[in-house]
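What follows is a single structure, and I will ask about it in a moment.
Per-chain residue numbering starts at 1, and chain names A, B, C and D are given in the order in which the chains are listed.
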């Protein structure tokens, strides 16, 4: 299995004046999805940071298809779309009750503590890429 | 002048474990830039909502060029890149001390309270588009 | 059982420059705890709002005992400390790996849509109060 | 002058489903008020961290008097209520158009990078305490 799904209950804090989830919070769910995807592969992102690796975001895109509401359960799916020497591209699909509400992707660069790009560590390199 | 700039002081709340600003918070600054851009044109977004117009986000992209730190002053520039019958595309450029730290754009659809797209109201239609 | 516990994984977004969770985010966990406590009692807060009841916060206190870090699992316990005609007081205890990291309480007033206090609805009135 | 005021425009991101500002965001404004208070006294909190001092929160209380809405300008006043060997107590008053909307206080402990309490540095010690 190359795609991983995690379910996230929408918090009141994530909603806004319009009665739907504020657009920046989709990116927080992407983060939760990445973390749980790595955990499902036996990798703990916190451990990577402890070893001196950081994932700096380079780009982000999101297409918002349908509003999401308080207390909805969002299914967040993620997968690795591309792997280069020092960067990773994640794909995302968010859905509520089987209906797609958003899609997106983000590119992250592996760096050391001082922000210099480094080669992706072996334990990440061996992850499946969904092409 | 078709581009509007607003200065935003980075809050401690906006930083994360990596010692830089969390990636979703750039979208909050985009929101502040849009609001102040409209205000500079004599339009108050709150008034638009009071009149029954809502700006639903349809898509977002952001390129992160350089990290931003606590207490930095972010200059957020925005402009209208495109105007269609019921949608607007905003462009963004964020910089700190004259150095570009991020660029992005977002598309928003004008809707009524129930989420149905409507024609952009006249006061918005007359805004300058930066082509 | 009068106390309800829910487990919350700390998000990267919730951390700050100091490498620990930002202090305002404890209040978000209190919210999650309240929602899940009510759900465990068969009450869905979203349904209460649909019926025209709102829970406006009146006061909040929190004692921070120990910092919480990214990826920790926070056990959030909550209970009703006091119930008056139109207000409820919740107590909270947060812990990580069995160690208390914070305690707090909050008072909320039941109001109608326009903000006027109303008598607590019967389904809430029948909840156990932990004295 | 022992009390410092800073004006903060309410962001859309800070609102919630109820059409008012989410309760945790008052604590973000308290943070902005503390930072600007120190700056008005010639102290930059970022510099304190660079020198190895950290302000860990120990307790927080807030009384919510009236809801705050999107685009309101919140006047945030803060002052030092108490200074002990290694801790500070700040008081807060938030108002909109001259009307008090919230009051609060918070206690912070000065620590070193590893979290051990230290004596408040001299530049802080010389700040006025409002008694």
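Rule of thumb we're sticking to: a contact is a pair of C-beta atoms (placed from the backbone, for glycine too) under 8 Å apart; a residue touches a chain by one contact, two chains touch by 3 or more.
None of the values given here were measured: they were computed from a predicted structure.
Peer 1: Just grab the chain with the largest centre-to-centre distance to chain A, centres being mean Cα coordinates.
Peer 2: The chain lying farthest from chain A is D.
Peer 1: Between B-D and A-B, which chain pair is linked by the larger number of C-beta contacts?
Peer 2: It is A-B, judged by the count of C-beta pairs in contact.
Peer 1: How many angstrom between the C-alpha centroids of chain C and chain B?
Peer 2: Spacing between the chain centres: roughly 33 Å.
Peer 1: Measure off the straight-line distance from the CA centroid of chain B to the CA centroid of chain D, and report it in whole Å.
Peer 2: The separation of the two C-alpha centroids amounts to 27 Å.
Peer 1: Roughly how far is chain A from chain B, going centre to centre by Cα mean, in whole Å?
Peer 2: Each chain reduced to its C-alpha mean, chain A and chain B end up 23 Å apart.
Peer 1: Would you pick out the residues of chain C that each touch at least 2 other chains?
Peer 2: 12-13, 17, 24, 28, 31, 70
Peer 1: Please name which positions on chain B make contact with chain A in the complex.
Peer 2: Touching chain A: residues 17-18, 23-25, 27-28, 31, 49, 54, 56-64, 67, 115 of chain B.
Peer 1: Where on chain A does chain C make contact in their complex?
Peer 2: 9, 11-13, 28, 31-32, 35, 44-46, 69-71
Peer 1: Report the residues of chain A in contact with chain D in the complex, numbered from low to high.
Peer 2: Counting only chain A, the residues touching chain D are 12-13, 15-17, 19, 22, 24, 70.
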